[in-house]
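Contents: one structure, followed by commentary.
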Amino acid sequence: MLRWTSATSNLPVAMEPFRLLDERGRLEGDPPLGLDEVRRLYAAMVEARAYDRKASAMQRQGRLATYAPLEGQEATQIGSVAALRAEDWLVATYRDAGAMWLHGYGWRNLFLGRMGDERGGHPPEGVPVLPPSITVGAHMIHAVGLGWAADLRGEARVSLTLFGDGATSEGDFHEAMNFAGVFRTPTIFVCQNNQYAISMARTRQTAAETIAQKADGYGMPGVLVDGNDVLAVYAVTTEAAERARSGGGPSLIEALTYRTGPHTTTDDHLRYRSAEEVEQWRRRDPIDRVRRYLEGLGAWDPGWEEALNAASTTAVEQAVAEAETIAAFEPDDIFTGMYAEPTSVLRRQAEELRRDLGE
Amino acid sequence: MLRWTSATSNLPVAMEPFRLLDERGRLEGDPPLGLDEVRRLYAAMVEARAYDRKASAMQRQGRLATYAPLEGQEATQIGSVAALRAEDWLVATYRDAGAMWLHGYGWRNLFLGRMGDERGGHPPEGVPVLPPSITVGAHMIHAVGLGWAADLRGEARVSLTLFGDGATSEGDFHEAMNFAGVFRTPTIFVCQNNQYAISMARTRQTAAETIAQKADGYGMPGVLVDGNDVLAVYAVTTEAAERARSGGGPSLIEALTYRTGPHTTTDDHLRYRSAEEVEQWRRRDPIDRVRRYLEGLGAWDPGWEEALNAASTTAVEQAVAEAETIAAFEPDDIFTGMYAEPTSVLRRQAEELRRDLGE
Amino acid sequence: MATLTMAQAINDALRVAMDADERVVLLGEDVGVTGGVFRVTDGLIDRFGPARVVDTPVAESGIVGAAFGMAVGGLRPVAEIQFLGFAYPAFDQIVSHVGRIRNRSRHRFTAPMVIRVPFGGGIGAAEHHSESTEALFAHTPGIKVVVPSGPRDAKGLLLSAVEDPDPVVFLEPIRVYRAIKEEVPDGDYRIPIGTAAVVREGSDATLIGYGAVVADLRRAADELAGRGRTVEIVDLRTISPLDADTLVASVRKTGRAVIVTESHRTAGMASEIAALLQERALYSLLAPIERVTGWDVVVPLKRSEEYYIPDVARIVAAVERTLEA
Amino acid sequence: MATLTMAQAINDALRVAMDADERVVLLGEDVGVTGGVFRVTDGLIDRFGPARVVDTPVAESGIVGAAFGMAVGGLRPVAEIQFLGFAYPAFDQIVSHVGRIRNRSRHRFTAPMVIRVPFGGGIGAAEHHSESTEALFAHTPGIKVVVPSGPRDAKGLLLSAVEDPDPVVFLEPIRVYRAIKEEVPDGDYRIPIGTAAVVREGSDATLIGYGAVVADLRRAADELAGRGRTVEIVDLRTISPLDADTLVASVRKTGRAVIVTESHRTAGMASEIAALLQERALYSLLAPIERVTGWDVVVPLKRSEEYYIPDVARIVAAVERTLEA
């Protein structure tokens, strides 16, 4: 059984993160998923990593603007979103490409966004994923509103929002948590505590021992989970989703993880942390862990790995090609996105721009 | 011993408020103060009530703009501020005239403010009390900054901020609490939980059982206290002040109290609560309780009460007279308060106003 | 037709909108049980229940952010901020998200929502309760900003705002709430967003304003009429997008303009209007365009508020100056 | 004298200020250990320690609010907001408190503090990282708003800002940080707040701007010089309070003005300047004042940002139009 703090009993949060797979891939509890599903999660993590490495590489080549790598956080992103249904809302951040992709956002869109093309913000119809939030903190309340709207419309949809440890310091985190608690919206708050907000260590972000314990201040259950354990993240998110879907209201999940790369491609992360620390966390790699687990069960082999890598590369490269060959953004397009119909003011300004461009 | 939740042990907050005097004025623990001091607190509560009733009456006569009555909250305001030293900072709200006055702000200034005269915001030199905060929520972080500055300057001053239950929902409450926790500023957060934010009942303000338990999310001790018990409020604030002064950082005090009047003089409070509920709380009157306590010890008699009332009336009436006879606010004065020296823009605008007024 | 105050007309508009479309929900501080601090939402919770008329915690960013999520999620929320001075905590949500989701997602997600905000001075209120900083919102892309000057317009504009596919900040001049009574059509009717109204024709000068100021413009025009001057009055009704064509046409005709706002002057709406008029009507101008505005100071409290808010005398004097120039 | 980038000049100014006055403290996100995302505060934590160079949690309202408390409490805080797009969560603190405590307390309490904010576009940054909404601050009473256009001014203005008895929002154009190198005086020196600089004299037209735009004005003037036109350039340096006299004097002389800003147009600084120029120099105007500005749209991302930010061609064309009018 998971150990949630309870909204009413005011129980202390467990200080030891909930875990199902240890660092060497050994099962510590009941697996929440069958082997096939675990293999699917594994494959998703591999593909997310392929995207992430490609994006970093492209940034170095000048083909993308600044990029925020997710390496190290695959288990949290894949494990949490895997617990959702297709119709559930996802409201995530600039670092959450893995999560967004798994929920249908599309690598092409993610690349486009990082190329500085607004069209990256337009996921396929029917995919309930908002464009990534670039402002830290403001988006969690959007997930609250989305869940609330679903509730009022009688839809059994929940909303899940991903955010970082730094985001918990923003006032908007507080207001989102409080609204979710008061209105019992079907919202799952997943904090990816990757230990840093740019250069600021988690220990200086808040004086609380854990972020999970903040749930108690909102009358909401909270749980601490090993964010590098995809099974554990999947399990706690599934519980939270079930609770939300059955009218039990919101939950806060703190997933302990680590970004093994820089904050963004322009960040020199060794200014604020040691290479040893990074190395230590690399040894807790979320993908390795599942591979060992599968291997132990005879459900992994190098051939499959190769096939996965090849498929990931193909998918990612195809997305790059699509993004890089999209039609040009026309000058007029900067005006047409603002309102359903351009206003009189924008129509005039668009004319002015055309005049200035000699059109 | 008081039961604070502890920053590190993650103990549940006590659900029963800490109390020293029961509703009939019987002592339940060790008195934190000698009789003379208790008499002084009593006298202060009586004077605060005299001011409050005068202000409400004047508002009805059109001599004051909207006024936010404090009746019922005297124990929290007087008891908390009595625990401060003269040099400690006080950052309070529109409802906290009792607290501000006790710390030296002056009834005259409080009246002036409610008359719509900016000069009410200028307390006597040396009185470390900011003008009342009219915006809900924003001022708590000011107390954090003031305490922090004192710390950096090597002064042994603490800061105390008063705020309502509604204010705890604002993002700024969260940021203030978090900064105080992270930087261990010598700040005492005193929530006057008077059960309502205008029409919104405390139970709908947050899903948390208590506000005190929110402290835990910031690694800060929190305590629930009977806010109608001036001795208990004094005792917990004294502990918090000592902790702050000795480098132990901030504390959160939730004082359970009640405003027995309307939110402001324009509010019809029986739209959202019953007369019975109000009556029930009137029976827990914070002043009565101390009178009974003193009476039981032979330290109260009607003659003293009369003298107190007379002295309070004199003090309050004198303040009214001073406020009502202050020199007119000159047109130019609306410009001169903005900067140390009026800017070129304001100098021109002041000329324009003089021209328009035919001067 | 009923004779209504502006507060009643807005209440009526909300009732009509909520009757017609169950996606319309209200949320804000004290909008439910007490019916709002100005009683604008009075009775709506009884009619529509607490699921559609939601009393929220004291958290403006939360109110706007949640309403935004609701709007993206298919509802038509009408959020109330209690006073404009308390909208600033929600400013980030408005600027960074409400006004941007359509462009950010290239029309894939939209935020059809209204943010209702009582604003402006003239009633001797406490600090922060008399703000007139509408220019901050007019400067913000992706939203529309509407300001009715009376009951009839308020209802028609609000019904348009609720149905608008884009977010609308709807500013309600506090001192008009109960000061003006007008015949207001029953049921559903609209006044289009983005069109100004020439509420009085004239030829000597154009008086331009919106919101509470319009009543003062009428009084000033009356006074000037007594002196044989006929001035035209343009009530903007929408300040973003500005109906420039109506303004330009009027000033080309009269050759003189006085713009009156309660807001601070620097980078206020009066500046915007003066800038665009000189751009498009310079050669018609017979005198400098006058800005009669609040000053670049905090709105003074009751005792000296009169020195801040433009009054009829200041407006008349400005017109006289342009006529003499 | 050393040849410095603007980032280095600001770093130098902070060092000089902190050396001279121990009340000066810095706080903000990542200003300490990494020296800021633009390395503007590089090395200061080593010199002054973590008590005076404070890395804060990610909470802009908290940063400004805490700095405000510190300032009232006798320090001289210099707060950094990482990008202007992240200043909105702190907007309430700035508008409602930082700019008001002096007036609210009739000089009893004051907030001598600086809020440093990198701003503006031109580097193809992510959404929210290219904002140029300085008008929002210029519209706000009780603060001053300063915008340097290069290293020398940046240092002299920042030292004035730190010493100013009133709060100053100090906007640092991101694309200038490393683009311009200049000789910058050593040690302490000041450029007064509130005075514009005529950085080039001319007689055919006046080009007006501030911040990153000034370099483009120079390029435009060069290009126009090649066509035999001599234009005057006014670098505002402070946008609140505006140095109206310098502007008016220049336009009275040239009779033509082009105002260039990166910000949105409606209710932006270009509108303010156009309004005041027509007010005080109408009879000298030989042509409508041109506003060359960003549009009323969200600043576009990298792929189309070029269509948003005024470039030399747009500036030159505007001058030509006023010359032909």
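Letters A, B, C and D name the chains as they come in the text, with residue numbers starting at 1 for each one.
Note that in this section a residue touches a chain if its C-beta (ideal position, glycine included) is under 8 Å from a C-beta of that chain, and two chains touch if they have at least 3 such contacts.
The structure presented is a predicted model; accordingly, all values stated were derived computationally and were not measured.
Enquirer: If you tally the C-beta contacts, which comes out ahead, B-C or A-C?
Expert: By the number of C-beta pairs in contact, the winner is A-C.
Enquirer: Using C-alpha centres only, name the chain that sits farthest from chain D.
Expert: Farthest chain from chain D, going by C-alpha centroids: B.
Enquirer: How many angstrom between the C-alpha centroids of chain D and chain A?
Expert: Chain A and chain D have C-alpha centres separated by 36 Å.
Enquirer: Taking each chain's centre as the mean of its CA atoms, how far is chain A from chain C in angstrom?
Expert: Comparing mean C-alpha positions, chain C is 40 Å from chain A.
Enquirer: Distance from the CA centroid of chain A to that of chain B, rounded to the nearest Å?
Expert: Going by mean C-alpha positions, chain A sits 43 Å from chain B.
Enquirer: Which positions in chain A touch two or more other chains at once?
Expert: Touching at least two other chains: 118, 135, 138, 169-172, 175, 178, 182, 204-206, 337-338, 345-346.
Enquirer: At which residue positions does chain D touch at least two other chains?
Expert: Only 56-57, 59, 61-62, 85, 89, 92, 96, 103-104, 127-128, 141-142, 240, 242, 266, 296-298 qualify.
Enquirer: Using the touch rule from the top, collect the residues of chain D that touch chain B in their complex.
Expert: 25, 51-52, 54, 56-57, 59, 61-62, 65-75, 77, 89, 92-93, 96-97, 101-110, 141-142, 144, 165-166, 194, 240-245
Enquirer: Can you list the residues on chain A that touch chain B in the complex?
Expert: Contact set of chain A toward chain B: 7-8, 10-13, 15, 169-175, 178, 181-182, 184, 204-209, 213-214, 216-220, 249.
Enquirer: Across the complex, what residues on chain A touch chain D?
Expert: The touching residues are 65-66, 94, 115-118, 134-138, 166-167, 169-172, 197-200, 204-206, 266-268, 271-272, 329, 331, 333-335, 337-338, 345-346, 349, 353, 356-357.
Enquirer: Can you check the complex and tell me which residues of chain D touch chain C?
Expert: Checking each residue of chain D against chain C gives 61, 85, 88-89, 91-92, 95-96, 99-100, 103-104, 127-128, 133, 135-136, 138-142, 240, 242, 263-264, 266-272, 274-276, 278-280, 282, 285, 287-291, 296-298.
Enquirer: Can you name the residues of chain D that touch chain A in the complex?
Expert: Where chain D meets chain A, its residues are 29-30, 32-35, 37, 55-62, 85-86, 89, 124-129, 265-266, 295-298, 300-305, 307-308, 313-314, 317.
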